[in-house]
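Paired with subunit B in one complex and with subunit C in the other, subunit A is shared by the two complexes that follow.
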Partner chain A sequence: MSGTSQSALGEFGVQSALAPEGAGATAINGLTIGMTIAFGVIFVLLVLFAWAVLAGRLAPRRWWIWAGGIALPLVSVLALVVVSTGILQKITREEPDALVIEVTGKQFWWDVLYDPEGWALRDANEIVIPKGRPVTFRLKSDNVIHSFWVPKLTGKMDMIPGRVNTLPVLATETGRFRGQCAEFCGLSHPKMAFEVVVLEPAEFDAWMQRNSGEARDAARSELLRGRDVFVEAGCPACHTIRGVADGGTLGPDLTRVGGRGSLGAGMWRMNQGTLAGWIADPSAMKPGAEMPSYNHLPGPDLRALSAYLASLK
Partner chain B sequence: MTERQAYVVDLPEDESYSGSAKGEPGKSFERIWDAPQGVRHLSSVSHRVVGKRFLVTGFVFFLIAGFLALLVRTQLIVPDNTFLDSETYNQVFTMHGTIMMFLFAIPMLEGFAVHLIPLMVGARDLVFPRLGAFGYYCYLFGGIIVLSSFLFDAAPAGGWFMYVPLSTSTYTQDLSADFWLIGITFAEIASVTAAVEIIAAILCTRAPGMSLAKMPILMWYLLVTAFMIAVGFPPLIIGSILLEAERLLGLPFFEVALGGDPLLWQHLFWLFGHPEVYIIFLPAAGMVATMLPTFVGKPLFGYGFAVAAVVSMGFLSFGLWAHHMFATGLPVMSLTLFSAASTMVAIPTGVQIFCFLATLAEGRPRMSVPMLFILGFLFIFVLGGLTGVMVAAVPFNLQAHDSYFVVAHLHYVLIGGFVFPMFGALYYWMPQFTGRMMSETLGRWVFWLMFIGFNLAFFMMHLTGLRGMPRRIASYPEGLGWDRLNMLSTLGSYILAAGVLLFVFDFFRHRRHGTQAPRNPWGAATLEWLYPPIPPGFNFHAIPEIRSREPLWDQPELMDRPAPEIDGALRPCTDHRRETMGNDPITGAPLQIVRLPHPTWVPLITAFGLALGFGATLASLYWLVAVGFAIALAGFTAWVWEPSDSGVLRDSGLGDLRLPVNVVDPRSHLHFAVVGTMMISAALFASLLFAGLYLWNTQPHWAETTPPAAPLEAGLALGVSIVVFLLGLASHRAAFTAKVTPVIVIDLGLALGSAALGALLFMSIRTVDPYGSAYAAVGWALFAFVAGYLAVAIYWSLVNALRKAVGAVKPGQMLPNLLIATYAKVVAIMGGMTAAAYLLAGGAA
Partner chain C sequence: MFVAISLLLVIAFAMAWSAMPPQHSVAGAAAEPFRQAGRQLSDWYRIHIRQGLAEKTPDYEAASRRFLDADPQRGAELIVQYGCGACHDIPGIRAAQGTVGPDLHDFAQQSYVAGVLPNRPGDLTRWLLNPPAHSPATAMPDLGLKQDEARDIAAYLLGSEVRR
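This part shows the complex of A and B:
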């Protein structure tokens, strides 16, 4: 099992809804703060009222029930419904020119398809989006129900087999934001996370350009050996590395796997060591993962393969 | 209306006829009510025995589920903990939720209801004692089935909500989901039987003079709860049966590839799941409303407000279920409506809270331990209610949903709204069970440990959740801002557990060393405190007339003499039968004498047969399933086959008033039971129909491509259903006729009509392949459902005919015809609606 230090993700930024970096999360956080203050005041007033009652200072009156039991809740919930409906309209509005990113929940990772009707760039477990440009996530599942949640950007949305849900997002800051599956989806549900990387629009366009082609060439002999191991060991049955082996869709696309910030769907730092550990025994790191163990690979092959994958940036 | 005129049976001249075919003439009144001893104690049907069993079993399940909660908290005390692996953790949190909701909270409130209702309304036993005992055994066996999954290393691990597709056989291949579905459905039998029993007991067996408006407030709470159970549990029962049918038989109800829909399960589950929360909360609030006046020494302030609030809460609770599904992609319009409806619950809740506060203001409350728990309840529950309004706001919900914020909210509502009042109630009513008082000193420790521990454990979770921690994760990485909060929550949970353990210690201590409780130890106003301190087996020597809502405060004749000398109804016990008063449901005026069963093994045997059937289904031993259900059927037959005392006039003990036994009248407790049962049945049927309509709406393509049922047969079935309905009407009239033999024709007609209806429905649906689409499978499910009811109709009407043919029934004793009439009418409507659905639904052939 990986050590604690490998999963210390603090440097990636937390996934707190209280530190919003997206338009949706900011609007919701305003509502959170407003409700907390309003209900906090109501609660304190109720406690003081109960205190006075217990001290025997007040004689019971029928209008208490009308005022406190009916009028007060009615007025507050009506106000709340009006405000929250306004915010709901705002955060669910989809921009027609938004960048569409299709995300499919898997057990226990995320398949990502940028601009399905255009570029159709496939990736996994790390989603890169531009700052200040509307994005619509198109959320699907072909297995069990998952839920797509990046608390710093906006609220969550379920991924349900047989349905397509949409989630509009507008990132207002650049950075790395962690997301996590929020619907219990089986054995390794706690290990189904991901990251969203927000770039300046120009950087994002450059990123798209850079990554829409084939995978980076293997430049050294060890990497070339790693590429051969990838093909010989049967990896392409499930994984795609564009330009090397196309067609594998059961597992994550590995064309730029070494460039991702984390491994195992947002769980461990991406480097050659964790990659080798993963290949040797995926289900030790993530119980229930569908990938079989490759600990039968000779040591040099495993090293070459993991070095090759780490070089794909 | 002449129909309302009960037909009265003349007493035979023969002196040997005692007025009861099943009396125990050798026994005194006291001996007749004695609980059997030794192993025969298991045959006891007394509400006092059954109620205590519910409470003890429920509390044991509470301790088990609490232990599981401590495992959860221990696992989460530090990041990346390896104390439990993922699989075990998933089993532990699934079983924690499942046991708390199904095997602790509901049975516990049933225990209080079963124990308290007869004592508070002035009855000698619950109206259907055998049904109560049967329900208890179903609950016990169902609970054992669910728990036994640990022994087979197949504990359910899919969450207490069992969402599909995760719980279908594709993603849960072992038996764990079957243990859950079968065990819990079995245990739910106890809930629905309790609903029928609570409704009939509260409406039909009150003391003379106790009108609806004079009922103790708890009776209103329990009555509304019972109606909610009757309507709220059926969607889950249907959902569970559909899911088990999918797992066992491969019927594609939720299979996306064949037009099923995972959201259908969520709708059915939360159609149950949300009312369930109020089903748990309301009785607890009712107990608070009962205890509070005692400690203040004044009646509940705003009784009418409270009743109106409870009734409106009952209705509102059925319009909110989709707020558990805000993140599933519902249209914005639905979101807004469900959100608004959800927040509206704040009003009836607010009314109750202010009734309680106003009651507190009526006098200086005595700060006994139950009172502390009431104040704890107010504090915690109000906080939980406020966060409830927060999560009802859709945008906020989209962040909070399935995060630890919701874990905090639901525990504030359920522990605040149920566990704290329940502990108060245990302290309050404990003298009724043990005759002794629990320790005030230790009780204060218990309260403060629980209160501080609870708030420490769960208040933190609001923050943990908003910092992004999802629910149901076995481990979390370090450095996301959750570490310290989780540590504090875990420490809080240990303190809470220490409080509960101290309670358990005090329970065992006080049984030996507690001070003897005097008569009416708290100075309460309600009837259950009439006898000191443990009421006798029969509850009341004579059932007093009630003239006040606070009888022990306002009717001096009740407390100024020893309880056995109090005057009232049914003091003479000439027939040596267990019996109690039956009343008019509205006014409380005496209506009849209700004969009650003596100890019998039938409920245990019947429940055992069902347990065998359900358990053998799990093991795929289908011959044993048949044996089990055969035992159950034999048990049910023995249950109903007894000589009728119905209609015989006896002395009531109220002056010269003579009342009929088990009166033939629509106000009969038995008729209320049938109405209650048919309400449950209608809710079951409606859940199935909802499933069909839902699929029709959301998957129109599949509705069009599924071949239709045969229209000719469906049309004929519709016609026959009208005939069955008319026969039901005839049977109702026949119950009041003087001649017995001609009524046999109606009985046989009902059997024949039911058989024809079932056969025609089968002929109509038989061309449709149930495996072809989810839509077709629901069509078959409708048929199977109605066929089951028709089989009962056939069986029942044949038994009725047979009893008449062998001379076991006299004029004035044809109550069964009144009962089957109501049953047949509802079944005819369900059959007719199924036929109509076959005519309307389905696309081109």
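This part shows the complex of A and C:
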């Protein structure tokens, strides 16, 4: 059944290192293709040689050992070292005026802090960056080792507790690019995805302006009720909604939760229904998630809360 | 002997051909007329032969579940898109293993929808369009489905016992 076998988030950007949309991924892809071609040529030559010798068309010579066993590997491996070192230099070079985005790996989600020394705008699981402007990701973890990988933008980089790794990115196309934790980190490691949304620079500036303020007001009575439930049920102990409840940092910032493309770090499409399901039983949707089940909320309260969160765009 | 073998080969080939998804292959596109002829044949059989047999023992239950113009396949796609699986365990949908709301296996066997509406195509569609309107205390939110979307999802759910 075609409709049921595809991912719920099928259109949320293909995750392929062979279709690069960033400077780093393009360089890595070129290296991969070059290496594959060189390997192919060497392999075909070797097969031809072996065939010629076995068929008796070519008499073996002692100097072949020197040429094929020492000189050729030395030259090809040296060439590979020089080229790949050059590419590594290129893709890890940090621009001094780059936009800094701090990403912290959590137990199966990503805490995002834009411009930590200036704006300090906190968000989660969806990273918006401008096209054509250098960005430096500052990668951290406060639990186990994670790895930050957006195959279409650049290579992967580990997030190691007690260390800060940096990863420069230069996106060359706009679009939504899926990323994935690439280091086994626990029960829901395969469900720890995220998205990088690349916008035109002007759109990006507008996005930052729009999202740096307080959360959108609750405009209907049901949404107001939802906001009250959020506070009464104790959600602010872990979650922040700027302008409603500040200080919660254990869970993702929810100031614009309804505006994200996905729920549960790239796993479910964001809407009121999936939000309600998540609140009532997070561990069913993401085994090992730290959030407890809020299945003691009465039905109408759950509906109001999920409607309120979905309205925060 | 030769005839039997070649006949078998032709049958096997035709079956493989018709099993190919049409949008993915030229062969599938070429098979479309045959597929349609097959569909017409099976329709004709259903209407003229089986109906005639069935008239002796009319299946009122099946008739009550019959939809007009519904597309259960699209319903399955919508179930994936809307993420119904966040709360429900739904047969045939891989990611739908939720335990927040009722398990929807054998849904057609159930007499009532959420204990408030008779489980009939029209009522199930109305429920999906706005659950809180029928049961104010429900936890199931109004997902803003359109009429045709609700109808297709209802068609999938009521047909789900077949897929067990």
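Convention: the second predicted complex is superposed on the first by the 299 of 313 C-alpha atoms of A that agree within 3 Å, B and C clash if a C-alpha of one lies under 4 Å from a C-alpha of the other, contacts with A are read in each partner's own complex, and residues count from 1 in each chain.
Definition applied: a residue touches a chain if its C-beta (ideal position, glycine included) is under 8 Å from a C-beta of that chain, and two chains touch if they have at least 3 such contacts.
The structure displayed is predicted, hence computed values, not measured ones.
**Q** Looking at the overlay, what does A:Met285 touch: subunit B (first), subunit C (second), both, or neither?
**A** A:Met285 sits against subunit C, while subunit B stays out of touch.
**Q** Looking at the overlay, what does A:Gln272 touch: subunit B (first), subunit C (second), both, or neither?
**A** second
**Q** By the touch definition at the top of the document, which applies to A:Pro151: first (subunit B), second (subunit C), both, or neither?
**A** A:Pro151: touches subunit B, not subunit C.
**Q** Based on the superposed arrangement, let me know which partner A:Ala307 touches: subunit B (first), subunit C (second), both, or neither?
**A** In the superposed model, A:Ala307 contacts subunit C only, not subunit B.
**Q** Using the touch definition from the top, say if A:Thr26 reaches subunit B (first), subunit C (second), both or neither.
**A** It touches nothing on subunit B or subunit C.
**Q** Who contacts more of subunit A, subunit B or subunit C?
**A** Partner touching more subunit A residues in the overlay: B.
**Q** So, A:Thr174: does it touch subunit B (first), subunit C (second), both, or neither?
**A** neither
**Q** Touching A:Asn295, do we find subunit B (first), subunit C (second), both, or neither?
**A** second
**Q** Would you mind listing the overlap between the subunit B footprint and the subunit C footprint on subunit A?
**A** Looking at subunit A, the two contact sets intersect at 1, 4, 8.
**Q** Using the touch rule from the top, collect the residues of subunit C that touch subunit A in their complex.
**A** Interface residues on the subunit C side: 21, 73-74, 76-77, 80-87, 92-95, 97-101, 132, 136-143.
**Q** Tell me, which parts of subunit A touch subunit B in their complex?
**A** Contact set of subunit A toward subunit B: 1, 4, 7-11, 14-18, 25, 27-28, 31-32, 35-36, 39, 42-43, 46-47, 49-50, 53-54, 56, 58-62, 64-65, 68-70, 72-74, 76-77, 80-81, 83-85, 87-89, 91-92, 143-145, 147, 149, 151-152, 154-158, 160-163, 165-166, 178, 180-190, 267, 287-288.
**Q** Residues of subunit B touching subunit A in their complex?
**A** Those in contact with subunit A are residues 79-80, 82, 85-87, 90, 158-159, 163, 165-166, 171, 256, 261-263, 301-302, 305, 309, 327-329, 332, 335-336, 339-340, 343-344, 346-347, 349-355, 357-362, 364-365, 375, 378-379, 382-383, 386-387, 389-390, 393-399, 401-403, 466-468, 470-481.
**Q** Going by the contact rule set out above, which residues of subunit A touch subunit C in the complex?
**A** 1-6, 8, 263, 268-269, 271-274, 276-278, 280-281, 284-285, 295, 297-300, 302-303, 306-307
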